[in-house]
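One structure, pasted below without further comment.
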Amino acid sequence: MDALMQFLLSGMTVGAVYALVALGFTIIYNASDVVNFAQGEFVMLGGMITVFAHAAGLPLPLAALIAIVLTALVGVALNKLAIEPARGAPVVSLIIITIGASIVIRGAAQLIFDKQLHRFPSFSGDEPIRLLGAAILPQSLWVVGGAFFIFIGLWVFFTKTLTGKAVLATANNRLAAQLVGINTGWVMTLSFSLSAAIGALAGVLVTPITLVAYDVGVGLALKGFAAAMLGGMGNPKGALVGGILLGLLEAMTAGYLSSQYKDAVAFIVILAVLFAMPQGIFGAKRTERV
Amino acid sequence: MTLLQVEGLGISFGGLRAVNDVGFSASAGEIVSVIGPNGAGKTTLFNMISGVYLPDRGRVMLDGQDVTRFEPHLLARMGMTRTFQNLQIFQDMTVLENVIVGFHLAERGHLLADLLALPGTKRRSAEVREKAMALLTRVRLDKAAEQVAGNLSYGALKRLEIVRALAMSPRVLLLDEPAAGCNAVETEEIDAFIAELAATGIGILLVEHDMKMVMRISNHIVVLDHGEKIAEGKPDEVSRNPEVISAYLGTVDAEQDEQDEEDEKEATHAVG
Amino acid sequence: MTFNSKWVQLAVLLALIAILPVFFPSGYYFRVGALIFVNALSVVGLVILIGYAGQISLGHAGFAGIGAYACALGPEALGLHPALAMLLGALVSAIMAALIGKPILRLKGYYLAVATLGFGILVSMVLTNERSLTRGPDGMEVAELGLRDFLKGVGLKLSSGEFWYLVCGLVLIVGVWIALNLFNSSTGRAMRALHGSEVAARTVGIDVAQVKLQAFVISAVYASVAGSLLSLQNRFITPDVAGFMHSIEMVTMAVLGGVNSVLGATLGAAILTLLPQVLTVFAEYEQLIMGLVMILVMIFLPRGLLPSIAAKLRGRGE
């Protein structure tokens, strides 16, 4: 029973990170119909930049802020330099472009930083908190709380602010959005920076627990995508639920089956979702017009 | 002899009944036209009959066999094929190759034979090539045979799509607006071509907006409005039917609106 | 592409393979050449999958891994001759591709990309974790093919580099010949047709699911044989052969040279295999350059180097 509780807690923690990556996918997918395979690199950048800024003597909160801002800029650059010039290209080309971008980012990170695993201190120390017979790191609470906070913030942004509604309108119908005077180019910029910033924040929150290296991005992207698919591609609520579910499944697998193969769970989930419910939990059915 | 029979066919999209309880039949050598205002559900009906959409209700019978919900490639094997309202051409292949693909069922052999270019495949390829050229000659596209299909004019592509469908020697052929976007001369040409095909015994199901053409070549007309069949019969019967007249006259203005709506939907699909 | 151009392309390739050694400054370049041929072989497989059939795979290194480890494990665990082990690897890859391809090829675009990516990661995960069998991330030794000794016995004395240059070159020519046969065959046209319009392909009777699966299985066999040749000539193999970066390398080579063109793909493989040999600093910048190549080619030369050059030469530029 205690073990189960322990697995649930650690599953919630990684699940929150997957949910944030899935949310990043969702924001860009809704704004541009592009699945950004470089999404995982944003998490890596968030962690790595914070590590090195902190090591250079900056206080942790400032280092984290710098990491988030810089990563958001990388997101904008990605859109301007790689995605926009290829607007209208076939999906296969866009896949290759965003994978290419992901390799560029991790290649650059390897050059600028290094190949080592890094971490920085937890925000509130490493003394485990006892909870219902299980131990939880304070940092885990930061991760779960942070994810929750971001979801609330985004919900407010998309439903209560004019800018958020403009993004939703663009996602719904780009042409119509342009016609009513929405600057859709700016909406794209906003979406990419927002998505990158969320990824970076996830990296900042989770690095003290999972550590970070230049090459963690691809795995995170795969898992974030699995989470987004599980929840239903394009649905923010789905991203949250899918992420947590995937995290729990992974933790259970690691706990009861094999810790070596816990990373296989994401792939199994992808296949299972495709078989059982291709639209995911919250996704809408789409019909192809001919 | 009834070749194609459609009974009570219906489909809904998100609670909206796009097509409801439509039935009719077509015999060998007959041209049956489906007409109706824009958005009446003609293309949706075609998509269900040809297996592109899965109908929620009703049956499609081909030669007495229930083929409802069969996949398009199985229907093709049973002798039913179609063309598309918005051209579906293999853009990067040559004009000739487009037609040769139409011969796929006749040409295909064992995969290993294809990989190793065994003599049998070469012989079949040569035969098919010749037949494909003959088809292209029939629609005056033989000179363009080696061109990449994407470079052809719209009218030429329309004809190419029809001969590609003909390549598989269909018994039932569904033509979705074969003359759309063609000028008067081309329309007349396609018109005559369709009549010629019917004369060889192919059952033809036609969606067309050009009423003159429809009235001239159809044996039987089915009228749809808002997804329902409102009338059917011989061309002169249908053209005198008050309900049909009101559906058309009543929607002279509405038709333009619906056209806009459809364009917009298309745009939505392209973006979202 | 006419019937004749098949023989023209084969002749060009054969001539290049035969003539290039004249310019080799040292025996080392036979090794580089053999490596180019191996990479080109797996890329030709991707041309069939991506270029002909329009389906993406980001996990084909998984099949290279299966082929490579078949040659390492077959002789050791089953006592097979390495050449037989290579065939066994190809068979296992084909079966795996058929099993895995059946569900995932129903997917399109992004979903297919992720599913194949996941498959590749899964294979490299197994190769890394099953230490009792594969010795884990440190890799394992591979048995000697033995053919070179046999040739020595009949009076043909070749250095190891020369031997592998010859073997890999020959296998590449066979691979290219098969790919070109396929291009102009009924199955190949069906692949290209479904690439152009899936719905139209279905209405002329093409079983789209089956044809996609055929492309997937064929390309898997190419990758597997390439993996086997790699492990046999290096006499050593690590799980990296199945890794994500290797999959990406393959796709980049294909895209760079021209994903619709068999010869183009070979050119792409040659360029990206040579670069690290010529520029020693490349190793450090490898990922950066590879990623940039992917982005820039897709934006500026979407059809790849060779087709773009060919179009320019014919006077109707892009």
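The chains carry the letters A, B and C, assigned in the order they are written, with residues numbered from 1 in each.
Just so we're on the same page, contacts are C-beta pairs under 8 Å (C-beta built on N, C-alpha and C of every residue); 3 or more make two chains touch, one makes a residue touch a chain.
Given the structure is predicted, the values throughout are model-derived calculations rather than measurements.
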{"item": "Remotest chain, subunit A as reference, centres from CA atoms", "value": "B"}
{"item": "Core chain by centroid distance, with centroids computed from Cα atoms only", "value": "C"}
{"item": "Distance from the mean Cα position of subunit B to that of subunit A, given in whole angstrom", "value": "45"}
{"item": "Euclidean distance of C-alpha centroids - subunit B vs subunit C, Å", "value": "41"}
{"item": "Distance between chain centroids, defined by C-alpha means - subunit A, subunit C (Å)", "value": "32"}
{"item": "In subunit A, residues with contacts to at least two other chains", "value": "290"}
{"item": "Junction residues of subunit B, two or more chains touched", "value": "52, 84, 88"}
{"item": "Interface hub residues of subunit C, defined as touching at least two other chains", "value": "199"}
{"item": "Contact footprint of subunit C on subunit A as seen in their complex", "value": "35, 37, 81-82, 85-86, 89, 91-93, 95-97, 99-108, 110-111, 218-219, 222, 225-226, 229, 260-261, 263-264, 266-267, 270-271, 274-275, 288, 290"}
{"item": "Of all residues in subunit B, those that touch subunit C in their complex", "value": "50-52, 71-73, 75-77, 81-82, 84, 88-93, 97, 100-102, 104-105, 107-109, 111, 114-117, 121, 124-125, 146, 164-165, 167-168"}
{"item": "Touching residues on subunit C, where the partner in the complex is subunit B", "value": "2, 178, 181-182, 184-190, 192-193, 195-197, 199-208, 214, 218, 260"}
{"item": "Interfacial residue positions of subunit C with respect to subunit A in the complex", "value": "50, 54, 56, 58, 103-104, 106-111, 113-115, 117-119, 121-122, 125, 129, 199, 244, 248, 251-252, 255, 284-295, 298-299, 302"}
